[in-house]
Amino acid sequence: MLGMGLRVGIYGGSGYAGSELVRLLSGHPEVGGMEVASRGFAGRDITEVYPHLAVEETFVEPGQVDASGLDVAFVAYPHMESAGVVRDLLEAGTGLVVDLSADFRLVDVALYNEWYGEHPVPELLKEAHYGLPEVFGAAEGRLVANPGCYPTAAVLALAPVVKRLKVSSVAINALSGVSGAGAKPSPKTHFVSANENVSPYGLADGSPRHRHTPEIEAVLGRVGEVPEITFVPHLLPISRGELETIYVQLEDPGELPEVEDVLGWYEEDYEGWAFVEARAEAPQISHVANTNRARLSAAVDRRAGKLLLFAAVDNLLKGASGAAVQNMNLALGYPEDAGLEHLK
Amino acid sequence: MLGMGLRVGIYGGSGYAGSELVRLLSGHPEVGGMEVASRGFAGRDITEVYPHLAVEETFVEPGQVDASGLDVAFVAYPHMESAGVVRDLLEAGTGLVVDLSADFRLVDVALYNEWYGEHPVPELLKEAHYGLPEVFGAAEGRLVANPGCYPTAAVLALAPVVKRLKVSSVAINALSGVSGAGAKPSPKTHFVSANENVSPYGLADGSPRHRHTPEIEAVLGRVGEVPEITFVPHLLPISRGELETIYVQLEDPGELPEVEDVLGWYEEDYEGWAFVEARAEAPQISHVANTNRARLSAAVDRRAGKLLLFAAVDNLLKGASGAAVQNMNLALGYPEDAGLEHLK
Amino acid sequence: MLGMGLRVGIYGGSGYAGSELVRLLSGHPEVGGMEVASRGFAGRDITEVYPHLAVEETFVEPGQVDASGLDVAFVAYPHMESAGVVRDLLEAGTGLVVDLSADFRLVDVALYNEWYGEHPVPELLKEAHYGLPEVFGAAEGRLVANPGCYPTAAVLALAPVVKRLKVSSVAINALSGVSGAGAKPSPKTHFVSANENVSPYGLADGSPRHRHTPEIEAVLGRVGEVPEITFVPHLLPISRGELETIYVQLEDPGELPEVEDVLGWYEEDYEGWAFVEARAEAPQISHVANTNRARLSAAVDRRAGKLLLFAAVDNLLKGASGAAVQNMNLALGYPEDAGLEHLK
Amino acid sequence: MLGMGLRVGIYGGSGYAGSELVRLLSGHPEVGGMEVASRGFAGRDITEVYPHLAVEETFVEPGQVDASGLDVAFVAYPHMESAGVVRDLLEAGTGLVVDLSADFRLVDVALYNEWYGEHPVPELLKEAHYGLPEVFGAAEGRLVANPGCYPTAAVLALAPVVKRLKVSSVAINALSGVSGAGAKPSPKTHFVSANENVSPYGLADGSPRHRHTPEIEAVLGRVGEVPEITFVPHLLPISRGELETIYVQLEDPGELPEVEDVLGWYEEDYEGWAFVEARAEAPQISHVANTNRARLSAAVDRRAGKLLLFAAVDNLLKGASGAAVQNMNLALGYPEDAGLEHLK
């Protein structure tokens, strides 16, 4: 694919997020050329490796891509590996880098070091824009930290609440399809293990310890005051999609709002954004799968004094690659839904 | 099937609970004869209607069964319909009635009336034994109220905790396979609706309002003090099995126990019972599906001050028909696992 | 949705084919206004009934649509019901009618009467164009008979073969997702029945007797000579997609071609068409699901003297609504992939 | 588990067939002690590795088992690896060896060498009994070759036909759950690859070439005359179960039988055997999953001159471990359903 338009590079093009990027960018009206790097599949036609992708490109070695000529690079490597590649791209002159790893999501280097290990390029942390545009707007710099899939749903549901109410307790029960566990075969992702099953995970030594917990807390902390959050993800026998059911308690139980209030806050805060919508009916994963949507809802348990929030996204689209393209669009001044119109 | 042994009747034999009873009782060593009543399928061979059941019996009209000659009757009718049938059976002289509906689970008639409608036979309420033997022992009378599937998991997980600690908040996030929604075809249970989907349900006018909520609260209230409970069930794309992830807060956060403590309470309280087991590893639905097991676990989120409990059962076995057979065994003095040995 | 562009009507908008049409046409660049008729849901917002469809239209009564003002009407009613509606639309002056039922697929009225019942509007049969454009080109008249899902796959795979070789035996083993059985809830489409299961169907009194059999035979008969075909469909636990494995024997076993020959015939016959592609690797349902593609392949069993053909389509897209839009595009002179670009 | 009764060893206890053997033998009334060897998990409690198995044994190293003291050994190793272990067990004095690999299923060493590689212990081939008891009776020697899963279904369906009719063409369309592909994680068995998908496999260089083909041909050849068979397996998104739809043509089309004839042959040939049953209704996978049953049916396509046979088994039970226990029972003089009563 050559011609006018943006020249984009995808690093880590053979994982799930990477192959979704290939699919989305190959149909993007502003993209003129695409280079897809994969260490494992370099030299092979993409459509041979992924027959569901009807594109003409061939996987190349990361080193073969001329980074200085790229308008945009998407990096879909594991955390700790990504940071160095991002630095190299920025130094080589790539116009915009959208990093889909966790490496630039936490501003506080100590927090990163505690949950991930020592950050390879801490000096870049403060330059990254957290790419949840409906809360933090379009990126102005050259580096976008694409949010985690679970934080995307959690922050969209919780930000309007913590902005307005003093929250004393938050428990997030999260459910994810198996693509959330990555493309690498393992006993856990074997069809026979995951099928007809649900398994809680992210527990270590009897405590919930998933790395999206500090991300959710830190990002929400920029919007309002939040307590430590309990976050328990579960693996579901579906391919894609996430649903979070969030149990919230308030410092002052007398402040428990009406459902309509919460839906109104969502409408107010997300007005004008194409992909986030609140409805009275609780969202289901099938309402958002294969789209770039986030769907929100709320319920109030007045008997038990709790506010319930519901959020659903497709973990590979609004939770990863769809958001990444949306972030690119916004950073470069295109409509946020360019190339994503059919995913609204 | 004729001969020595118990003569049992199954009313409502063509639903999921009923057909599981047929399967279990047809292999039960103490059962000598089985009559299976179904209003919709009377006159047809069971194995023709349900080819996965390799039994020789034919469905009969409920009126064709001689209730006075039954040693045991299992009633698997909808609530409000069941109560009258149960009364008639007891009056006709059936030795033991195990009711799988909700009609005799709540002792408090006002509570029943609030959540279900006016109870048809309130005078029988106080004669029913709540059939969760690991907490309330074997039935002594002639009527067993078989617990709801969700309450089975919830009460097994929570009873040892509320017995020992002052609990201030409980949120139960429950996940169930589609058989929990019954055998009647509906848009919600259509394969294409349920597949690749998860949907929260049990919400009415923006509030959680599932009928198992008062059952859980009332039953736990016999063991300790409990606050109003938030209970949110979700429909999962699996055929059978339930997982509950329970978020507990204590009145005195300083009392937050160690995981080992909780596992120790489970071991202590459920010692000697064949089907309930606690493990350090969180249970998965595949660990209990197609068995009569309940598997429990616990985790502690010391950061956020919460105790987490996990419970998994097969909704059709330990959550319904397996428990019903176990209750029959105990009421009649057989080993609790008679006919259920292969489901341990 | 109003404005410039085509005014289209969808009759039977609440079934699976109908709701896919809503999704596709709401994003079609040439469509300016859309009316969606549904007898069951008239008056309700489409997105309320089908939350996965983010459109603004409301279902209307069929009688409320001004047929004379429609540029195109899509009819997705059951066979026997569709024919009369089609006639009325044509008489009222609708520019183009694409009928997704079986009513105009068989040219021979006697054959229709034998397999479906007495045809309500036999005089229109000869005016219909069989809408498999890759074999029969664009429609020239005002009525398109959209092919059956199974015949689409079968004819695309077989036409190039029967055109070139004398075939003596054809057995089509077809596998379909549950959406192929329609949106109406039934015991067969209940999640618990279909999940973890595969069931052969289309058998009557011990003989294969699916109505797509005469359609396949008659349509192939326009291309070459074909024997009576054995066609056995099976229901699969997936939502969408079809795979046919076709066992072919030749009158002269010595003529058994090479795989490359067959792939070459496909390439030759389907050159220039956007949605049909042959590959050396056998197609899988995941290669075509959620696309308008048909993927073909071939194998040769020289030991046993058989030619094997493989064909996969998404039954709701290339097998129904995607093809319907493609047929509209071609009949009206638009590019065949207008509004379907992201489904290639 | 110690005490009176048989002392059995399981080699390869951590695969799917092995773990099913653990489950079945731990509940077998004649088994007094069980040793389970696993090279990967030696030293770990079985129930820790496989929480769905509630047994007390610990995996041991193969070398730790005293083969001379074993009454029965089950070997569930890959082909080519199994043969040597079988020889060693027989030489060490193990009473009976049931081999679940392909190593002793083909009597003709040249055929084995062609399809698998050079046989490591060809001299044992003629001592093995092919363990499909409903066709070949109980084993008399010390070595049972447990049949392949696909051949079990195919031979049960075809043997009574080829015994009575001259068959000119056989095409077997086989569908299998993912457990048939083994427990080893791979891209093909990843949940996201297999889910919502069906894939033909067993093709090499454009020809069907699955190793069960010569097994089916050779075994049927002992019963009647058979042509070369076309066998095309497909991977299905279910955990367990197999369905074969078999397309048969006769040398003399005038001999095409009635469905009732075929069902009668099945009844006659399999009378008295507990696990094989023919019915007028076509079998579905859910009719046999989690049982040791084989269910058969037939249809006749008189238009197209073909006989259709249907066969369904659970690939891990009647297609592997259930049959292995049945073979042990028969070889040692126990009822064929000892320990398998609940799987009838």
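The first chain written gets the first letter, and so on, giving A, B, C and D; residue counts start at 1 in each chain.
The criterion applied here is as follows: a contact is a pair of C-beta atoms (placed from the backbone, for glycine too) under 8 Å apart; a residue touches a chain by one contact, two chains touch by 3 or more.
Keep in mind that this is a model prediction, so the values were computed, not measured.
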**Item:** Chain pair among A-B, A-C or A-D whose interface repeats that of C-D, sharing over half of the contact pairs by residue number
**Value:** A-B
**Request:** Between B-D and B-C, name the chain pair that shares the greater number of C-beta pairs in contact.
**Result:** B-C
**Centroid spacing, where centroids are CA-atom means, of subunit B and subunit C in whole angstrom** = 46
**Prompt:** How many Å are there between the centre of subunit A and the centre of subunit B, using C-alpha atoms for each centre?
**Reply:** 39
**Request:** Could you give the separation in Å between the centres of subunit B and subunit D, each centre being the mean of its C-alpha atoms?
**Result:** 37
**Asked** What parts of subunit B, by residue number, touch at least two of the other chains?
**Response** 177, 193, 196, 237-240, 284, 286, 289
**Fill in**
The answer for subunit D against subunit A in the complex is residues 16, 177-179, 183, 185-187, 189-196, 237-240
**Prompt:** Along subunit D, where are the residues that touch subunit C in the complex?
**Reply:** 169-171, 173, 175, 193, 196-201, 203, 206-208, 227-230, 232, 234, 236-241, 243, 245, 247, 249, 259, 280, 282, 284-286, 289, 298-306, 308, 310
**Item:** Complex contacts: residues of subunit B adjacent to subunit D
**Value:** 27, 48, 51-52, 54, 196, 277, 279, 281, 283-284, 286-291, 293, 295, 341-342, 344
